[in-house]
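Here it is: the structure, laid out below.
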């Protein structure tokens, strides 16, 4: 059995030694260890993968034991994941299909270690793609009037299917606060610019107006402030005066889908910790 | 003899044909032609290089002839450059040496087709580098009180040495309006972020705070609004949570010097036209 | 009506002027013109787009007229394309699905100006994807014995559907000489390395063995020599010692699909000329 | 006092725990720890930085103690570096100045934690740059006849100044075997292509001939086989058909100098381990 352990705490002497000792005693074999110290904030972060002989190992007792003997003493927060458990991911889309196609084709190919119980959209257009890939599709239209009702329906679905995290694959709508609160650091958005430049609506139009020589895409966790959450991944690409707004939109699509899929992958591999609105991405 | 011709005008039928006809008649051999049409603004831009048999060719009569027979008829603005004439470039620096070293070592190697009559700085620290490369150095300190006086001294030098364009190699000071007006689209600045993100002071500190995964540098022509001029060149580079502010500053230096030197090169080769606060960069 | 004109010939004075004159006389409006001179070979290449008032314009007489009055005199080869005509593209695949998904999702989204009459594969695995996207799928197994027979069946299909060009979306098989001869500069392959490094089989294994810090992908036109044809597009991405062969393969997939799709797009837009086993890619 | 510890050994349970325990007992504070397991070779690599209270700490006893109590038991090879000690670096050059300028300007700026006791060249041309930066310059011409004599003179200088590592800043000559043997994994070369493509002489000419769309540079440790040593760093840049060989050479210079300087920096920070002709680069 293989597990991943994520730890955050105040920086202090001897943590690594205690944790690796503990795993050693439990006859675990550490196959990966990476740690990071935020010097100015005096915070310590660690990610560790280890293997146990399956017949001897049970997750819950290990967790309790670890909590009692290690984490309570050093006063740190931790998370343990079974590497074989697939996370449940919900996709929210609007009308743009490129990110959805990219995610679903990776999913079908077995590239992503996830389950996708459903897709939600405020429009009907992409139902045809859900059908292609045989994923249930919920059309939940959004208007000023039915906002709360729509959110409640979304929450009902999220809870019913025990969704672990949400991907906004160019959803183009603000997510309700109840959901952002419930899914802190578990909603991944793709924004079509290199944030913090061109936050908000129509970034390619703004990029064209400004005459930039580089466009970008940014995937980040959603917080209540628009496009202001912790950045998971970014990438950029050269453009020139020859490119119309239409060209920027098309070139950008390739960036968006790649950047979003990278962020999904990193997230599913439990490689992200968030501290102070910034991400620590373990390698 | 080799010349470069830059043209801007309202888009209209037959311009290319008329211009190439004209050069053909003058026994010029076109070695490069590129044009660009800004569709929404209905504007036409062209860059053309051609060779003439040296014994038959004189620049002034050609220019006058071109104006009378072509540009006046089509109502366009144009510029003709002798490719062998070196532009005169002034460098303004403050305390950072990386861009200055990069420019001067390229200059010494003959990579840049320019003359550098002098370097101006508000600090004395980089005089030692000017000395190394045997370029006259003028130390013109800057304070709120002597601002106008300093500007006047700068202008005097610029005029005396018939400076064609100015490079702000991390100058860190606002250039006086008299100078920006006299040198429109002829002052090249390097800003240490991918504009429009992180305009103004301390961009690496802001980038660190925001937790971006990519940093950048931007070279642009200086206009009166800070960091808002037409962008000539941009480049970006990946960073991670592992990088301190100090690391960002150091990694950024490499971007800055390369981006600035590319902009200088493009400018000296007469490959830039400015329209509507955006650059057209011919290849 | 909008057309694209591609020209190659010996470099000589006055070509641009003659061609643009001709189009001007036919009341065409040039919306794009780019040319390139291969100095050492003394060859001239030009790409030109122009619009004609639809009611006045017919393609065949224009072509004949152009041939008689221009191209025969200057002795150049040319090609004229109607920008609204969709090229017919055949896809050859084997067992890898990432490039196929990428092409078909772009096709469905209307991003590519093509028709896809069919997909050919030597394996049956990807039939399910053809079905998803409702493209006819021909399973043509390949063995040493039936090689000629297989090729003949392929040719029959290519001719029957009047295929303009072929895309090898990780086909993993050598294309028969009859086909490569018939489709010169019209078969696009994606090779999973930055050629000329790691030509042939298992490039990611070789890249891993060599310990490179960058991997790449290359799309090129197929010639009879393996992986030696004119390169259309290349891209690279950083890797590190942390990446296993499996990781390189997965990271490479993203490069492959993007690079191949870019090459397809450039090709369909008639932006490529081939000279001396190298491509000229107009912007 | 701050030290860096580099370890390589057969992968086995409990190493990290034992090492961190040991440092903990010696009242060291671990500020960085990264490890890597080469699964297929069953080899373990670790890099660790830690701080000690200066008054209590001496390097030699610590080393001996570590050897006796840890490394002898686990049977691993290790290296301990005092982070404040500057490595002594010799530069070998030929006629190209861009890398030399780049290294020396970083050196003068204090960006590199090194001493440069001398520069060796088989040509006299770059003596002027050595003079600029006040570094002793040894002109050691190279011919078939005096090869051994030249090497002996080089070795004499290397030994006299206790040189730690050598940088070939476009040296263009084969290094003698005595030197490569003495300085295993301590001679850094810059090759002007993305290896393994275009090894050997004139890579830009070959790149031009092949019509690649990307050029690159590679820094690697020198082994006896030409351009075949462990790769430290690589980078690439887009080029097009518009670029002449001359252009490739010039664009390449920027890659070369940046890639070489990055490799030098990584090396001086003791972030490189070599295993099986590949590098492990700690972050």
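The chains carry the letters A, B, C and D, assigned in the order they are written, with residues numbered from 1 in each.
Here is the rule we use: a contact is a pair of C-beta atoms (placed from the backbone, for glycine too) under 8 Å apart; a residue touches a chain by one contact, two chains touch by 3 or more.
All values reported here derive from a predicted model rather than from experimental measurement.
J.: Chain C and chain B are one sequence twice: same or different residues at the contact, by the over-half rule?
T.: Chain B vs chain C: same; shared/all numbers exceeds half.
J.: Tell me, please, which chain's centre (mean of its C-alpha atoms) is farthest from the centre of chain A?
T.: When every chain centre is compared against chain A, the largest gap points to B.
J.: So what's the Cα centroid distance for chain A and chain B, whole Å?
T.: 42
J.: Centroid from C-alpha atoms only, then distance chain A to chain D, rounded to Å. What do you get?
T.: Here chain A and chain D have centroids separated by 37 Å.
J.: Which chain D residues sit where two or more other chains touch them?
T.: Where chain D meets two or more other chains at a single residue, that happens at 39, 240, 242, 283.
J.: In their complex, what parts of chain C are in touch with chain B?
T.: Listed in rising order, the residues are 13-14, 16-17, 20-21, 23-24, 29-35, 37, 39, 238, 283.
J.: For the complex, which residues does chain D have touching chain C?
T.: For this pair, the touching residues of chain D are 36, 39, 194-198, 210-214, 216, 230-236, 240-242, 244, 277-281.
J.: Can you list the chain B residues touching chain D in their complex?
T.: Going through chain B, the ones touching chain D are 97-98, 101-102, 105-106, 108-109, 111, 132-133, 240, 242, 250, 253-254, 258, 261, 283.
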